Amino acid sequence: MAYKATWRVSFGEIDYAGIVYYPNFFDYFQRTEEAFMEHIGFPYPYLIGELKIGFPIVHVEADFKHPVRYGDSFDVNMSVAHLGTSSVTFGFRVFKGQQLCGTASITHVTVDMKTFKTIPIPSELRALFEKHVQLK
Amino acid sequence: MAYKATWRVSFGEIDYAGIVYYPNFFDYFQRTEEAFMEHIGFPYPYLIGELKIGFPIVHVEADFKHPVRYGDSFDVNMSVAHLGTSSVTFGFRVFKGQQLCGTASITHVTVDMKTFKTIPIPSELRALFEKHVQLK
Amino acid sequence: MAYKATWRVSFGEIDYAGIVYYPNFFDYFQRTEEAFMEHIGFPYPYLIGELKIGFPIVHVEADFKHPVRYGDSFDVNMSVAHLGTSSVTFGFRVFKGQQLCGTASITHVTVDMKTFKTIPIPSELRALFEKHVQLK
Amino acid sequence: MAYKATWRVSFGEIDYAGIVYYPNFFDYFQRTEEAFMEHIGFPYPYLIGELKIGFPIVHVEADFKHPVRYGDSFDVNMSVAHLGTSSVTFGFRVFKGQQLCGTASITHVTVDMKTFKTIPIPSELRALFEKHVQLK
């Protein structure tokens, strides 16, 4: 099952070429993740602030296929592409209507906030992720 | 005595109108402050990380007079405009060559990092600020 | 009549002190303006992209009274505080629940996109702004 | 031959976990590219503003190995990893002192600014890129 968030390009998010400045897509992906985590009932502030589990990104891959411009709205479809012991890879697909504009794959690891050593994903969170695993 | 930092407009910093997205000027002012604090020998990471003194902004005023575009370099002149017991107001002037593009006035307070209650500016820092007071 | 937009602090928007990096508030104000303009039926992309009318900011004042932290939601109340021939000043108030966290006043001018000379606010837009004038 | 740019983590660039908010690394890479293009004598504003050649990013891969914190300085080493007819892939390595903190590979294509169709890299620019090709 994929989760969908809809965003609109804001005034300051474009670049000199008039399209979304691409680092901002990673910000959109992050915002989508936060909305997703809230949606599944395990919000980021709980994971990081309460459980003191860090969730840094260790690998990113992205393809940008079609420009997104100022004023455009677009959907970010997000799912769990791979689930490891102490890592999870989210898959993202960006659509402007039916037009696929980009895809991304972002891998997080769960770490002890103090030591930054990897620790297993908490079992409750793992169960929630499993519901959103989607074969590509 | 004013302190001067020089910046160049980067690809993602402009807006749909082709000029610097104005919130980015506050980011430039912050970067200038950090360079200034380093320059006077009292770096931000020392103030906040070591002394655990917060330095939040309580008041901002800015006038934008002339657009700054992609590829432009500009100078930010910074000085201490007012020095209070637990507050300091920095003055900023943005120049593109001889062209004045904007001015700003930014007031910080020194606070206990935990309680966010105001505390006096440390005397060592006060002495350093005093050297950079400039009548408008 | 005030317009209200609700925002949530995102992961990358805080600073080293753990509170919203204040330049981001101006980004929130901008996003609120864009939502407001859409709400009143005169979207930014129409003003700038179609009518080729620039809408740069010439003056900003802001007071930050109470910190906003990661995970917080907050409301931005926006109204038209002053309406001139070729300028409009929007007033903003930031609330976290009942707690007033900040206020701001932001003045735009309408300009010819090519020359950056001021031109009168289009009468249709003026009429829409008038409906949202609010005495402080 | 690699090109090196040195950056310092600024106050607003970290995230709730106290490390550089990872989308900001892509902003650093972009800034490094702009410095590189200026260094080789073919600045971005010339490419895009004068020649009207767009240079969008079509593929990104990055690995983050070690956190970078507020106050840290770091080097970004950049080279040309692959040179195609209408595409160039830059390789990036992020070092904090001798500590490798991350690597990235970013592929641009040259496009006609109006149509966003790919066009060959201008021969003068190709010659300059060739000088900076570095086998991994």
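Letters A, B, C and D mark the chains in the order given here, with residues in each chain numbered from 1 onward.
Here is the rule we use: contacts are C-beta pairs under 8 Å (C-beta built on N, C-alpha and C of every residue); 3 or more make two chains touch, one makes a residue touch a chain.
Fair warning: this is a prediction, and the values are worked out from it, not measured in the lab.
Averaging Cα atoms per chain gives one point for each, and the point farthest from that of chain B is the centre of A. The two sequence copies chain A and chain C touch through a face in which the numbers common to both exceed half of the numbers used overall. Chain pair C-D has a twin interface among A-D, A-B or A-C; that twin, with over half of the contact pairs alike by residue number, is A-B. A straight line joining the Cα centres of chain B and chain C is 23 Å long.
The distance from the centre of chain B to the centre of chain D, with each centre set as the mean of the Cα atoms, comes to 28 Å.
Contacts with at least two other chains are made by residues 11-12, 16, 21, 23-24, 27, 30, 44-45, 49, 70 of chain A. Contact residues of chain D toward chain C in the complex are 11-12, 14-16, 18, 21, 23-24, 70.
Residues of chain A that touch chain C in their complex: 8, 10-12, 27, 30-31, 34, 43-45, 49, 70-71.
Those residues of chain A that touch chain D in the complex are listed here as 16-17, 19, 21-24, 26-27, 30, 44-45, 48-49, 54-65, 67, 113, 116.
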